[in-house]
Amino acid sequence: MQKIKEKSIEAFLILCASITVFTTLGIIVILSIETFQFFREVSVFEFFTGTEWTPLFAIKKYGILPLVAGTLLTTLIAIAVALPLGLTIAVYLNEYADQRLKAVIKPLLEILAAIPTVVYGFFALTFVTPVLQKIIPSLSGFNALSAGLVMGVMIIPYVSSLSEDALSAVPKSLREAAYGMGSTRLQTAFKVMLPAASSGVIVSVILAISRAIGETMIVAVAAGQEPKFTFNPLQSIETITTYIVQVSMGDVPQNSLEFRSIFAAGITLFGLTFILNNISYWMKQKYQQKYE
Amino acid sequence: MYKLEARDIQLYYGQKHALKGISMAIKPNTVTAFIGPSGCGKSTFLRCFNRMNDLIDTCRIEGEILIDGRDIYKDRINVVDHRKKIGMVFQKPNPFPKSIFENVAYGLRINGITHKKFLEETVERSLRQAALWDEVKDDLKKSALALSGGQQQRLCIARTLAVEPSVILMDEPCSALDPISTAKVEELIHELKNKYTIVMVTHNMQQAARVSDRTAFFYLGELIEYDDTPTIFTNPAKEATQNYVTGRFG
Amino acid sequence: MFKDSLFKYFAIFCTSIGLIVLALLLFDIFSKGLTRIDWDFITNLPSRRPERAGILTALFGMMWIVTLTILIACPIGIAAAVYLEEYSSKNRFAKFIEINISNLAGVPSIIYGILGLEVFVRLLKLGNSVLAGSLTLSLLVLPVIIVATREAIKSVPNSLREASIGLGATPWQTIQRIVLPACFGSILTGIILAISRAVGETAPLIVVGALVYVPFVPQTPMDQFTVLPIQIFNWTSRPQHGFVVNAAAGIIILLLFVFLLNSIAIILRNRHNKRVKY
């Protein structure tokens, strides 16, 4: 009797753990089926090389490149902000700040990642853009620049916290050896500690990139809804995520080609982040082994 | 009739051959001490008696272990029921993060006993047997983690006694305790002998000499010698035993 | 040495940038929206006129969504974590699930929206309902809960498990009576952080069809709904200034929830860390 109870509990637990597998499977299957349907009407070649994306206009064109360009542009701006800032903060917290300061600063910075992204969108649109317009008069009301900058601030803690964890994981003896040979703090930090923690740092950056690519609300609010094949940050653009939101909020009939286009856009997005996540997982496994 | 019997036990951790053909018979109401240098297999062997090694994935075991004449590895024995008859006290005191009362009552509660009077009586009796009652009787609701190390270890003994086992396995029960607490636990072991069969692993040879009736010396996964405690310490048959008990190695 | 202190000041400057932006953001939002918050704002239904619009339906929608999400995601997440930590030996299946969970944690939230739209809204015909939204968010926060619970379970010392097993407890009795109670605090911290995530989530709910304009409070899990972030999104994208003020006011309320949840999580974590180490 007890055996049966134990076995059925175990079966239930396995079932719960399997739900995560079904989720992944569900995502892949659904995106694939609908995308397959989509590609029966749109040529794959046009999709991946076309520079015009106008599914919601009278003359429909399905070239994903403008959306990819918009996504990459905002991501690039965000990383350009988050990488130097996050890395410097990580080194500072690890090498310079005393433990009490670190215990205060780290959670404070992590608040940045806890704020709902729609709030950042609002901030980018109603505060950052008007301020920037005073400096750059040609900046359009919706633009990649302010969305990217704000997104960069949002992902600072991804870089700083995870990199700091990686730096902390470097054996103390290494730092002591560097000091013992007469290195300054700066040399120790950048010539010894950072290289030793490099894979952990790279993992943190990859995760931040993946987060920026998938970010939706900031760009949907502040970057605009005009798919343009451009890398000019002053213009209004559209990202993959914004397009999905745009179609979802509109009155596009389900089962139409326009509606299916969100799955094709979705699978592009999923593919990008999936590759990045797997690289980071694989790297993490490697460097964890190194110090165990 | 022997209480515990091991017949040609072979135990492997993955590729490692940890116990090499160990046979031993233990009489009821005795204290048996396992001695030997670290990594000699004495703790591993102790854990065979209540199948604690089952928890380790890579562990494989051959041979027979008989308790009251029943093979606990071959017979279709219910491991869980079996473990209830074999109490175990561990190296470090490991009270549950619960009250003192709930720690001792745990073994009863998992058997579905909820009768309040019976629980209270059993807790008191077990704590008395473990010589802890007078120290904690007013604080039964307090967290067990607030007790001192020595008290915690006696609480763990009381917790074991509450389920009324017939055998108690002790894995270096005093290694984490100060000398005064150690003395108390040793005294306790001496008294418990009347009702239980006790097998203990110890690093401390004086302790083995003080409390045990029989002593087994292990070395590199083999049982080198097993005899009456005075014989092992004064007139051992093997040279290795002689060297170990006189402190020449180990 | 000069370079060293130069870097130090640069680093302090960098650290402050993050915090300054945070302060600016809060200041900007409070200065725009604080005066708009009054009892009417909280109890009014949405309206075409900004000065009469309120967040009642969004607040109730959020309560519904959060409650259902907790009820669905917590048991599944904790059970999955227990399986991975306590039952599965390091076999291929466990390894596969582990990689899978780490992957899911990195999937953009809007993709979960697409999944929810196809499976819950269209396939299971739940429509644009509270239930469909909650199920979608449950899948989204599941990795967060599983990872947090696994960390919590790992922190329980093995000696406690051995003691329990040694007394004749079954594996499940050991988990239920010893392991889970011992790490309850850390699990709760993880769950609260997951809730905080769910409260601010916008994109997946837009995709599963949460409405922008809902003139009534949801009564059952099958009703249509809106939530606070979507209401804010909607107000932000309107041209009239009055709606921008409304959006700022809505954000203040939203941030109140998020900060409250995060503070509880931090306090819980600190209290747990302070307790006796085994």
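Read from first to last, the chains carry the letters A, B and C; within each, the first residue is number 1.
Rule of thumb we're sticking to: a residue touches a chain if its C-beta (ideal position, glycine included) is under 8 Å from a C-beta of that chain, and two chains touch if they have at least 3 such contacts.
Listed by chain with UniProt protein names: A = Phosphate transport system permease protein; B = Phosphate ABC transporter ATP-binding protein, PhoT family; C = Phosphate transport system permease protein PstA.
Values in this document were obtained by computation on a predicted structure and should not be read as measured data.
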| item | value |
| --- | --- |
| Far-end chain from chain A, centres as C-alpha averages | B |
| Innermost chain by mean C-alpha position | C |
| Geometric centre distance via CA averages, chain C-chain B, whole Å | 48 |
| Between chain A and chain B, centroid-to-centroid distance (C-alpha), Å | 55 |
| Approximate Å spacing (C-alpha centroids) for the pair chain A, chain C | 18 |
| Junction residues of chain C, two or more chains touched | 170 |
| Shared interface positions of chain A, touching two or more other chains | 2 |
| Residues of chain B engaged with two or more neighbouring chains | 80 |
| Footprint of chain C on chain B - complex, ascending | 50, 52, 55, 57, 80-84, 87-88, 90, 92, 94-98, 106-107, 109-111, 143, 145-146, 156, 159-160, 163 |
| For the chain C and chain A complex, residues of the former touching the latter | 1, 3-4, 7-8, 10-12, 14-15, 17-19, 21-22, 24-25, 28-29, 32, 75-77, 79-80, 82-84, 87-88, 96-97, 99-104, 106-115, 117-119, 122, 139, 142-143, 146, 170-172, 196, 199-203, 206-207, 209, 212, 229, 232-233, 236-237, 244, 247-248, 251, 254-255, 258-259, 262, 266 |
| Residues on chain C engaged by chain B in the complex (per definition of touch) | 89-90, 157, 159-170, 173, 177-178, 181-182, 276, 278 |
| Complex interface listing, chain A residues touching chain C | 2, 5-6, 9-10, 12-14, 16-21, 23-24, 26-27, 30-31, 34, 84-85, 88-89, 91-93, 96, 105, 107-109, 111-112, 114-123, 125-127, 153, 156-157, 160, 184-186, 207, 210-211, 213-217, 220-221, 241, 244-245, 248-249, 254, 262-263, 266, 269-270, 273-274, 276-278, 280-281 |
